[in-house]
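Residue numbering begins at 1 within each chain, and the chains themselves are lettered A, B, C and D in the order written.
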Amino acid sequence: MMFASDNWAGACPQVQRALADLGPDVAPAYGGDALSAAVNARLSEIFETPVESLMMATGSAANALALAHFAKPGGITLAHKNAHVMVDEYNGPERVSPGLKILGLSGHAGKLTTDGLGHVLQQFPDGVSRQGRLTCLSLTQATELGQSYTPAEISALAKLAKQQIGLGVHMDGARLANAITHLNCTPADVTWRAGVDCLSLGFTKNGAWAADLLIFFEGQSSVEAGYIRKQMGQNFSKPRFMAAQILAMLEDETWLKNAEHANQQAANLANGLAACDKCSVPLMPQSNEVFAYFEANDIERLQKAGASFYPWPDEDIPDDLKQADKTLMRLVCSFATCSKDVEVFLTQLGQSPHIKG
Amino acid sequence: MMFASDNWAGACPQVQRALADLGPDVAPAYGGDALSAAVNARLSEIFETPVESLMMATGSAANALALAHFAKPGGITLAHKNAHVMVDEYNGPERVSPGLKILGLSGHAGKLTTDGLGHVLQQFPDGVSRQGRLTCLSLTQATELGQSYTPAEISALAKLAKQQIGLGVHMDGARLANAITHLNCTPADVTWRAGVDCLSLGFTKNGAWAADLLIFFEGQSSVEAGYIRKQMGQNFSKPRFMAAQILAMLEDETWLKNAEHANQQAANLANGLAACDKCSVPLMPQSNEVFAYFEANDIERLQKAGASFYPWPDEDIPDDLKQADKTLMRLVCSFATCSKDVEVFLTQLGQSPHIKG
Amino acid sequence: MMFASDNWAGACPQVQRALADLGPDVAPAYGGDALSAAVNARLSEIFETPVESLMMATGSAANALALAHFAKPGGITLAHKNAHVMVDEYNGPERVSPGLKILGLSGHAGKLTTDGLGHVLQQFPDGVSRQGRLTCLSLTQATELGQSYTPAEISALAKLAKQQIGLGVHMDGARLANAITHLNCTPADVTWRAGVDCLSLGFTKNGAWAADLLIFFEGQSSVEAGYIRKQMGQNFSKPRFMAAQILAMLEDETWLKNAEHANQQAANLANGLAACDKCSVPLMPQSNEVFAYFEANDIERLQKAGASFYPWPDEDIPDDLKQADKTLMRLVCSFATCSKDVEVFLTQLGQSPHIKG
Amino acid sequence: MMFASDNWAGACPQVQRALADLGPDVAPAYGGDALSAAVNARLSEIFETPVESLMMATGSAANALALAHFAKPGGITLAHKNAHVMVDEYNGPERVSPGLKILGLSGHAGKLTTDGLGHVLQQFPDGVSRQGRLTCLSLTQATELGQSYTPAEISALAKLAKQQIGLGVHMDGARLANAITHLNCTPADVTWRAGVDCLSLGFTKNGAWAADLLIFFEGQSSVEAGYIRKQMGQNFSKPRFMAAQILAMLEDETWLKNAEHANQQAANLANGLAACDKCSVPLMPQSNEVFAYFEANDIERLQKAGASFYPWPDEDIPDDLKQADKTLMRLVCSFATCSKDVEVFLTQLGQSPHIKG
């Protein structure tokens, strides 16, 4: 009953096999090998457009590099006030890009709105104000609260950001596969076709050991970012161990299948919790994260019974979702979550699970 | 006949097995797992003293973090003018620690001398001058030219750096195992017992996929550096995949055995080249790197025959080793170099190999 | 009728005379002269405690240096969301201290409250959270909306910031003299006695050409900050031209007299506007800044008549002060504002001025 | 007998008068005033080409901004190894431009040569190597050792830097007026006509209190640098006090006349010293700095008699100028140095002065 985070899971069998296939064989360092060379080609197929990419050690690294890619003196990145780049990266983006400020915007369930974005853009005629210069908009897909932007929503936000002042659009896709699966759209639909310029694509939460990417869509070059990556100490000498993980995830749609499994478990869990008198589910999951209000004694009892799940920070709960007498808990499912875990959890809660799939 | 670099090799069998043993099992993220927790304990045994450590994506990252650990406003790091931190990291240390300068010192075969160091220290009474403030001394073991400092040499340099102005002493140990094997000393002898405060210990060149560490010896704390590592996007969510590699390398002295193998191949290669009329070996290897002068036609012929090896940059060749009519080539052996490779290379050169071991 | 800003005024006669007295005479550079040496002694008298100080080119520079003085990896400065360090310095503090984040707090009329501060501190047990580490609290005196914290208010905030997690307390005193004059307290009462550790003290808005200081109270050292100042290109070779301005401002309480004059003109202006049917004054001034709502046609008429005054940015107007049909204008008085300016302005508005003093 | 540095002098009468003429009158802040607006126009006349410029607090600030203007990730600035940007600015450029490295080149008497530059450029084909990317060449005019590059020398260096890899060319002109006067050329000849893109022009050492500029010649824009200047805390609210100094210096060629006076005093001093048995002058001055070897007892006696002059750092003395038994002293003349000072100094040394002019 490990619902603490999807990054508690290990590596999926496909990734394991791919690494096992990599032997002591010698190959050129720093990306000169065949596997590393194959990554861009494979991504270009999947995204239906030519892309460039840079492999990174973590999603935080990919995010910091993306913001650095768009940085300018006095530059301001717009993001949701509870976004990972804003509250979970220990000011890494601000260290990698000295002089960077991230301006946190409000928005229901972790999603920015065109109204909210438009209001802020008005304060920066031509992108400039006494505060600084807007450089890019960063969207998180799926959001920190497990919701997914539709392609139309992303498109509307990106259009607004670009039309007047040509902002770059970055997507933090640590859980992009979960969003794509939920939306039942193509990877292209929800990224570059909707106006995304630069994508942090995460495989680590979804079944790899450590494999994240910063992807540059048409019109963007990875050259300058490649130099910064090197300065960040992220230019792996043997990147084929990372390329192998990525190719394994992309092969036979493993990344989407893993996400589909995690989403389904999350849906089952949410449905069970919503049916429970003692719980309430303020937002039905649109990815692999479930948010539900629990009573204190239930939390204690479940944790004693071996369930790992944590309260969501108070300051990150939107006012309209606040509930005074209970505690908002986050439960995250992964490729490794099994139906049994969900069943036992719900049963422990005194709820008979009705689970499909 | 891959002698281009030791980082062209893949992972050694022990590392491969360790990764294969890691399944999809769930464990706490960000170092809360058992393997990650075991790393410091294991290193403390091997170094015979309590240590703290931080796992990093690359050796460059570990070096940048080490220099950041010692950084101060106006801070100057002393290093050999051809050291990796000086010429191979694309100013990464200077980006991670804004306002950092690395002052390059001369010294035969990549080794600093107490004379040379003393001369520079005189320019900084109490560690301060109009130029800035000295913060640390960084030594590379083995050096860029394949030589190894003896414990006594390190001790003399560290003592000089510390006694007057309390400089920190960092060791870039990307090839430390090779030096230890050559010197036939303990890991402790050549590090903290000789005055090293902070060690970049690399396993990647020596048989891992990606596993580097910054180790803090007694009197140094990893706490502040841990925050900086997070900002560098190097706080892995599943570090047990890295811990597993490290523990496998340390188990049963695999790291030293791998190094011993590489050193022996290098010695065989160097001996063969030294015995060859058309080559000259200006420095006998004290690790796994061979430097030898070749005639242009031999280089061309060997490369056509499939040998990969590269010229050493002119600007990094010490004046006393320069030889006008030939080209200085670097040949690096690794755990994966087999005797056959060395034999064939020497035979191609028209030299009958006499190889021991 | 120049009410655009107090930094539109030139230098006051006392500063002019002091500069005129400085001839071509030779004196040691970089602070070795007698005037520069006298600054700390004079400030120590005025603040009734030994202080150290560093002269800076601008108030923004002093603020950036203050935040750098308290900076740590992953460090977060707390400030009002409309504070100068937050919205007016083009991310200068974030450039000088790479990896710095400034967290903007709400609070009526530019003033932080213990409730608001306490709420944020709860999110950082022991000063640390997943977001980063709190390093200091920055208070603006007088605030951006012309209000002044009482010594008791500062003391309560500083106590809260210090008692649990030992935050540093910085005061941005670009208009400190105006606040002191309004509060009728001593410089000590409203700074170190109330818990302020580090003070940006501005003379430029109050009658100097360019003279700002960062003052370090007991327990704080200026040494490290001095090195950073040098890196910022602010180590003047002839600082006596700046010291002369500062000493002239401090001599015979010129700084307080200038502030008193400016405050009185602001009070007269505010009283006149408050008595005017077409205007409203949502906050009576507690320094030299007047905020008043005007009708659009009045603004246009007055500006045509030569009055310079500007609207306050919408996003910086607290919700409880918002007024839909009118425009909030800021009018700033300085030592150079004469009664005639205020009278003519009010008369133009169709208001007969009743002015005291 | 103040020969310690030209920045020990105060302000020249013309600057004093200009400041005295500036009263308490009100004018728009941040450069909206008439004097600030006149600076670019006046500089454009003097340099015979349209220029943009940014006023700065110090020459170090202007230099740091210039290097930031040309900075790129992994960027390397080429400069003489004893240049001010290399050894006297406490790594300020490296702080303002995180990730910057300054590579110090050798060259007689502080002057780079096309041979030396060409040798380094060869290590960076297309401007790039494993070390990083070349961004600009910084030349100091007059050099740290008081020598002046001829327009032809600058032109040859700039051509070399530009033709292959398009490096920017920066000139640190803290003593440009002294060089111009010595060379008897126009300001244009020795700057943009010779290929200089960006000029730090210093008035502080030459008769102002604090007035330095970064000038951008054709093809360069000051816009981005302007944002960085703001982040450096150098956007003065009342820049007319600085503009007034600059305009006074440029009016009626005061800047060149002051330099001519200083150069003449330096020439007189050097001639006197060269004629003295106990001294030797290894380089005849080509600006206002005299370098001469003295015996220890003479130094002591002269300092006791009130002369201020300092030894030149050992590490900055070129090998070919080294003289074992004596001490190399630097003596700097300024607009404020009077003939009497030189005469008395030489007389004290037991040398009868024969001085012209």
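Everything that follows uses one rule, which is that contacts are C-beta pairs under 8 Å (C-beta built on N, C-alpha and C of every residue); 3 or more make two chains touch, one makes a residue touch a chain.
Remember, it's a predicted structure, so these values are computed and weren't measured experimentally.
Engineer: For the chain pairs A-B and A-D, which is connected through the larger number of C-beta pairs in contact?
Structural biologist: Answer by contact count: A-B.
Engineer: With centres defined by CA atoms only, which chain is the most remote from subunit D?
Structural biologist: Of all the other chains, the one whose centre lies farthest from subunit D is A.
Engineer: Measuring centre to centre with CA averages, how many angstrom lie between subunit B and subunit D?
Structural biologist: 42
Engineer: Roughly how far is subunit A from subunit D, centre to centre by C-alpha average, rounded to an integer in Å?
Structural biologist: 52
Engineer: Between subunit A and subunit B, what is the separation of their C-alpha centroids in Å?
Structural biologist: Subunit A and subunit B have C-alpha centres separated by 36 Å.
Engineer: Quick check on subunit C: which residues sit in contact with 2+ other chains?
Structural biologist: 73-74, 90-92, 95, 98-99, 227-228, 230-231
Engineer: Note which residues of subunit B are touching subunit C in the complex, please.
Structural biologist: Residue list for subunit B touching subunit C: 72-74, 98-99, 133, 224, 227-228, 230-231.
Engineer: Applying the document's contact rule, which stretches of subunit A touch subunit C when the two form their complex?
Structural biologist: 73-76, 87-88, 90-92, 94-95, 98-102, 123, 129-132, 313-315
Engineer: Can you check the complex and tell me which residues of subunit B touch subunit A?
Structural biologist: Those in contact with subunit A are residues 2, 4-5, 7-13, 16, 19-20, 22-29, 56-58, 60-65, 89-92, 95-96, 98, 204-205, 209-210, 227-228, 230-238, 240-242, 335-336.
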